[in-house]
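Some structures to go through are shown next.
Two complexes are shown next, each including chain A; its partner changes from chain B in the first to chain C in the second.
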Partner chain A sequence: MNLTLISLEIGVALLGVLVLLAGLWTPPNRQHLLGFCTALGLTIVLALLVKQGVAVDPITDSSGGFVLDGLAVFFKALFLLAGILVTLLTMGFSNRLRTAGAEVYALNCFALCGMLFAASANSFVMLFVSIELITITFYVLTSLQSHRLRSLEAGVKYLILGAAASAIMVFGIALIYGSAHTLQFNFIANGLAAGHMKQLLLFQLGALLLLAGLAFKIAAVPFQVWAPDVYQGAPTPVTAFLAIGSKAAGFVLLLRVLYTAFQVQPDGPRLLEPAALLSLMAAATILFGSLCALRQRNLKRLLGYASIASAGYALLGIVALNERGAAAVLVYLAGYLFAIVAAFTVISILTPDDEDEDLSILAELHQRSPMMAVTLTLAVASLAGIPPLAGFIGKFLLLRAVIEPTATFPWLVSVALLGVVASLYYYFGIIREIFWGTGQWWTEKKPESARIKLADSQVVVLLICLLGMLVLGLYPQPLLELATDAVQVLKLAN
Partner chain B sequence: MIDQELKLTLAMGVLLLPLLAAVSIGLGARRWRGLSAGLSLGASVIAFLCSLILFIKFHGAPAAIVPAPDAGIQWLQLGEEFKVDFAALIDPLSLLMLLIVTTVGTLVQIFSLAYMRTDAGYSRYFAGLSLFLFSMIGIVLASNLLLLFIFWELVGVSSYLLISHWFEKPAAADAGKKAFITNRIGDFGFLLGILFVWQIHGTLDIIELAGMGAVTTTTGLLIFCGAVGKSAQFPLHVWLPDAMEGPTPVSALIHAATMVAAGVYMLCKLFFLFTADALVIISWVGGITALLAALMAIQQNDIKRILAYSTLSQLGYMVMAVGCAGPAASLFHLTTHAAFKALLFLGAGAVIYSCHHEQDIWKLGGLRKKLPITFRAFVIGALALTGFPLMSGFWSKDAILAQAYATNQPLFYLGVIVALLTAFYMMRCVLVAFDGDSRSDAANDAKESPAEMTLPLILLSALSIGLGWSWFGLKVFLMNPVIWLGSKMNGAVPLNQISPTADLAAIIAGTVASLAGLALGWVIYKGAKEDPLPSKLGAMARGMRDKFYFDEIYAWLNKWTQERLSHYADWFDRWIIAGLGVRGTSGAVDLTGCLLRLVQSGNLQTYALLLALGLLVMLAFFLF
Partner chain C sequence: MALMLMAVPRENRAVFRWGAILATLGSLVLALFVFAKFEPNTDLTSINHGYAFVQTAEWIPALGISFHVGVDGVSVLLVLMAAIVAFAAACCASGIKAREKEFAILLLLMTGGILGAFMALDIFLMYFLHELALIPTFIMIGVWGRGENREFAAYKTTLYLSLGALLALVGLIMIYLHYETFNLPDIIHRIQADHGDLMTTGQQGLVFALLMFGLGILVGLWPFHTWAPLAYGAAPTATAMMHAGVIKKFGLFMLIRVALPILPDGAQQWLPVLAWLCLGNLLYCGLVAMRQKDLNGLISNSSVAHMGFVFLGIASMTFIGLTGSVMVMVAHGLLAALAFALSGHLHQQARTLDMDKLGGLLTVMPFWGTLLLMAVLAGCGLPGFANFAGEITVFFGAWKTIPLITGIAAWAALVIGAVYMLRAARQLLHGPRADDAPHTDDIPGWHKLPFIILLGALLLFGFAPKLLTNKIETASESLEHVVEMYKRK
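Our next item is the complex of A and B:
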């Protein structure tokens, strides 16, 4: 295998090992330096990736299991950006982990490495291995706050349910191999096109099980059950990483599997018609996430439900089965990255260690820290899809992809719009708490009023997120072009 | 090509520097008062210099003769049909307007350094000024109607912020609201007009539109609605006098020289859109505004309100000129008016500053000796406003009168009457406020203001005298047909094609009216201790003082239409929509949500079961 092809992945993995080693010799009061070095290292990797740019033709390794093309580069950049932000976010959080700081940075790197591989996965082996790398790392990360019962509980739940999902997926892959005799996406596509597939039913069953596994990753109904508990229990930086990194990995794999391996194209061989299934899934996901979030008062759990709904919206782009839809997914995820990281950053700063993340902690935030209040407000507005923020452009493009050129599923659009309306209620509930909240009205306790001092790393994260949300919202054209170029490799109809 | 790049760079500098200043003050610099003021002033000085270079270099250069939209940024393109470009349209007209805006803006900021010195919201004030400059420059440079509209609204927002600067004062907060809401009414029409234009021509790009010619009369009038709101024309004029609750430099910048002129500027720039019928209506709206406002100004006692009504009246003049097919005359007056009205407002500001915020002219008096510089500047401004021979206002007012004479004779006579009234009320204002004895302690202790305040007064005095003279070249510049968009000019009569008769009639009538008004004012108000008019005119004077009861009429109308309607709407909303619709729906949704959340019990075994069930459902869906 050509090592230069995977030099970035190797770099990130090495960075993780180095940080782990360096942690042995770093005194506890200097642990934040490790975070700084990790962020710096990741920034260099990101710079290298940007410098290397996109090759005109996709490069594959000799076995064809690893591909470096526009789509891969786009997602790698997204993951690296998320990794950098999450590392910075972790720096401000590390004193609450009560473990040596080095581990958490190293684990972040390993998960990130898995995501980078996922972005390039072009065979089911690569797909499975990268997903397992991500998930197993997250099992550990989730239960890292070992003094918190909730964290341990979330880790165990995630582990058991995740293992079940992996089992389903492996079974699916086995069925696919049994009928197609290959694991590489392009060969499967060729086989499908040439009509070589003997046991079609078996293949379809395998594909279905595989989709179920991926649906678990993006927390789509009916495989969403784990998400609220894990989001709530995991340490907040990990939740942030889970919400954007793990989810986006699921989506890039979904895009590749559906369009490259299964050739799900409007004019392709009609062997598998997942559009109807996926549209039902999208509708159910949007509704479930939005409805459950309505009365939720725990902030992290609320965002957990909200992120379920978000996955539903992103699925709209896949249901559309066209290039616009695929590009819209990319734009949506990019906007989602900044908003969700901003929201979790504010939550991680606001929640003291053992306290509940009830909505009432937001009271008086605009007095305590105007910057956090503004960032959280904009982040929430972006998630709700209010112009001129990044979230609006993403949601708008997704809906447009389903409506134009022909409304594939008219009822799906109305369900999505209903979800948007419902989401305004709970998102604006957050904003109401920030500016008009009176704290815990059921106790006599006055809300906190002391000003909050932010660490430098937290200020940097908040600023980057603010900038991202505003720039992508105000001037979306470059991102839109990047995304459209990136999805060219999927060879979709316009 | 180099020229084009230079042009774009400079224009972007002019546009973005004030924004940068506003943002950086908002983000942190506001803690240091000096730094905030410095940032804001620096941005506007550089913007002024850039505008000056732009104007000198391009106002008549061949490159600018054919105004081309300079390469901008494509903001958003969705599909083939919907494109919005973020581009600047730099033609001689916008260059002139840029120069006006940045000149007055800079002088006002210098003036504010001293005027606002003791204000607690010093930094906020300068941030507001910078934001305003940014939005105003955006209007001037916008290359398509959508962009124009966005900046149009931004100007409304910044004006709201500045009027309500002293938001703890209820009158100021209310005035801000009134200005904003009244403008919204006009803007609603404007937006409709823009949509109609798109429907008719399929584009919003100003250059492309210029090649296509007029739209329907209705559409033109809808577009005009925007100007009615922003330039405070009858019947939406009510907000401008109240806007005087803002700091006086703000009144000078926004409510005299620039923002209210935006409506007139827009009419001139989009002149090619209006049909002849639309123009007639426009001219009458302008004429009525001019007359009504001049009448109201006669019985005002607050020095700033007198100026506010005079602004209304002069804006009416400009709109009337546009309607009389003379955008050149209108812009000419706009330019000179910007200078002398800013001068008058800043002069009034200096008086108010020196007299401990006393604004009632009957409580002033005797300031001629105590504030010599302010007095002279104010008199120069007043003379320019009244169209006294050889002052700048003389030339521009004559241009408008000649235009009216040539196209619409009744409006010519109306214009002459307004000129007479103008001279009369300005004489009243000057005599009562500056002449005679001091009538209050505040006026007694008045001292001349610091140099930051007198310097802008002196500079603006020079402009108020000189702008109109032919050697200054303004008139020649405006007469040049190449500066106008739209090839046909749509039946406009350029300044240089006015017949000599019209010119002569305008000059004679204008001069006589001005002198007569001044003389009349002198006779009635020289040495007056109180206003003799109310006893002589009776009900008429009361009507003038109470602004012909427009506010009351609107309040009454509001009560009998909107409030009555809203009463029924409220009932319907409360019982049918909220009761049945919203509560019912939200209750049902809430219940579903609560039930669904029962699924998320937290029990691992349940979760695993659900996972398996989900898979089974999927399989079932696939197999059957």
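Our next item is the complex of A and C:
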């Protein structure tokens, strides 16, 4: 294997190991320096990635299992940015983890490494290994706050359900191998196109099981049960990473598997017709997420349900089965990154140690910290898809992709609209609490009113997120071009 | 030029209250300038034919979206009206005592957004800027609103209006998918070309329904109007003035600007429905207004009822009817702003708007009382006010095509309107003052200015409706084309 091809991944993994080693000799009161170093290291890796740019032709390694093309580069940049933001966010949070110092940063790096591999996966082996790397790291990260029962509970739940999902997925891969005799995406595609596939039923069953495994990653109905519990229980920075990194990894794999390996196209070979299945899934996901979030008072749980709904919206882009839809997924995820990280940053700063993230902690926020109030307001507005923020462009593109005049899913559009209106209701609830909330109205307790002082790293994260949401919302042209270029490799119809 | 008009309201935030007033004054001056200097492009070959002050800049070329603004005979009037109301609203915002800074920012955002939306020639930009103006409404109702109900009002308004906007967005996306561009003059140009590039009839029906009901919710089309009384009852004065006066007109504007020219077949299917629904506005909301005990409830219901005239004008699909619609939009914008400003002043003084508790106000507040009387008379459609000119034009236009509905509307709506308006005037202005009536002061010194401007504009356009019709005349070609397309079958 060509080592220069995976230099970024090696770099990130090495960074993790180095941080882990350095942690041994770093006194506890200076552990936050490690976070700074990790963020710096990741920034350098990101800079290298940007400098390297997108190759004209996709580069693959000799076996063809690893590919470096526009799509991979787009997602790698997304993951690295998420990694940097989450590392900075963890720095402000590390004293609440108690047990851990360097391990958190190292584990973040390892999960990130898995995501980078996922962005380039072009065979089922690479797919499985990268997913396992991400998921296993997250089992540990989720239960890192070992003094909190909720965190442990979340870790165990995630472990059991995640292991089951992996088992199902690996079984699906085995079935696919059994009928296609290869694990590489392009070879499978060739086999399908040439009609060489024997035992077609077996292949279809395998594909179905594989899709189930990926649906678990993006928390789509009916594989969403873990999301709210894990989101609520995990330490907040981990939740943020889970919400964007893990989900985006699921989407890039879904895109590649569907379009590169299975060659799903509206007028392609009619072996698999996942459009109906996926649209059903998208509709159910949107409805489930939106309806469950309506009466939710725990902020992290609310965002957990909301993120289920978001996965449903992003699925709309895949249901469309065209290039616009795929590009829309990319744009949506990029906008989602800034909004969700901003929201979780504010939550992580506000939550008192070991307490529930009830909506009432937001009361008086506009007096306590105008900056956080503004950021959180814009973040939820962006998640709700209100112009002029990044989330609006993403949702707009997704809707546009799915409202083709020829499309047969008018009911899907109606469900999506219903979801958007419901989402306005619960997101508006957050904004209401920020500006005119009265705290815990069921007790005599007055809401906190002391001003909050932000650490530098937190200010940086908030500023980057604010900038990202506004710039992508007001001037999305460069992002659109990048996304459109990135999905070229999927060879989809326009 | 038009670009400057958009930029101005965003930048002045230094000294908040005065900044807001000055900024809106600036845009008013610019709007007057545009109004006076307005001279549409007469070059028939140009794509911007019929528009003036056109500005174009690339925005999101990947999606065929550009920053494209300009005014024609219809939008120039609405821009002027919006600028007048914005200035008046900024003057009336002095009642806001808490967080003035944020209020001023939101008010300017609203003004900038809606002025831009009226000028936008790109459908996406139009929608985008309208949303920008709409969102502050929700926040203002929630934060600075009054009454027990404000949270519920903010919620309900948000949900209703967002649903309306989303339905309209789906319709707009479908238009976009057919034409592959959001550029309005370009689309209309393509339709006017010999082989009109139209969507199929079925598609047009669907898109028109989406736009009609989506925008209808924004305007308060019966039976989707229930958010309006609640919202205006809870909104702070300046917000109610801006929303009822200006932002609500956007839905109608977009119907005339986008839906009618692009979807003639869809219009044929749905306008008869609209004609009957507008009776719902005129009669039902009028009757509801009659039973109101609260002045704000009365004004908001009557403002929803007045929208019926505009819908009637649109449904008539005659040039005269459309002209009347635009005139009513302008007149009603000024009137609604005036009425809400008056009730806002009363609320500030008396802390109540319950008409049973108030009475004989003409003796204590002569200036306010006179203004209210004028506003009431304008609301009844008395000659001399711009409303009369608009409503009578609508009736003239509509009589030709839908005489039955016009007849019902003319008889019933005007009588009902007169009943509730005059009842309000009697209860508030005349009669004995109750012993426990709260102390009220008249409008002091310079605060009279916005009221005078609004009333002055109403009277000016009432006595010289030519000022309005002359401008609309310049857009007659495009309006008449709309009518022709509609009658083609």
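Heads up, the rule we're going with is that the second predicted complex is superposed on the first by the 491 of 494 C-alpha atoms of A that agree within 3 Å, B and C clash if a C-alpha of one lies under 4 Å from a C-alpha of the other, contacts with A are read in each partner's own complex, and residues count from 1 in each chain.
By definition in this document, a contact is a pair of C-beta atoms (placed from the backbone, for glycine too) under 8 Å apart; a residue touches a chain by one contact, two chains touch by 3 or more.
These numbers were taken from a predicted model, which means no experiment stands behind them.
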Which partner chains sit in contact with A:Leu399 here, chain B, chain C, both or neither? Use first/second/both/neither.
second
Looking at A:Val346, would you say it contacts chain B, chain C, both, or neither? Reply first, second, both or neither.
neither
Does chain B (first) or chain C (second) touch A:Ala164, or do both, or does neither?
first
Counting residues of chain A in contact, which comes out ahead: chain B or chain C?
B
Which partner does A:Cys292 reach: the first (chain B), the second (chain C), both, or neither?
first
So in the superposed three-chain picture, is A:Leu424 touching just chain B, just chain C, both, or none of them (first/second/both/neither)?
second
Tell me which partner A:Cys109 touches in the superposition: chain B (first), chain C (second), both or neither.
neither
Based on the superposed arrangement, let me know which partner A:Phe435 touches: chain B (first), chain C (second), both, or neither?
second
Would you sort A:Pro476 into first (chain B), second (chain C), both or neither based on which partner it touches?
both
For chain A, which residues belong to both interfaces, chain B and chain C?
400, 404, 475-477
Chain A - residues contacting chain B, complex:
156-157, 160-161, 164-165, 168, 204-205, 208-209, 211-212, 216, 221-223, 225-226, 228-229, 277, 280, 288, 291-296, 400, 404, 422, 475-477
Counting only contacts in the complex, chain C reaches chain A at residues 58-63, 128, 131-132, 135, 138-139, 142-143, 151, 154-155, 158-159, 162-163, 166-167, 169-170, 173-174, 176-178, 203
Give every residue of chain B touching chain A within the complex, in rising order.
73-79, 589-590, 592-594, 596-597, 599-600, 602, 604, 607-608, 610-615, 617-619, 621-622
Please give the residue numbers of chain A that touch chain C in the complex, ascending.
381, 386-388, 396-397, 399-400, 403-405, 413, 417, 420-421, 424-425, 428, 431-432, 435-436, 475-477, 480-481, 484
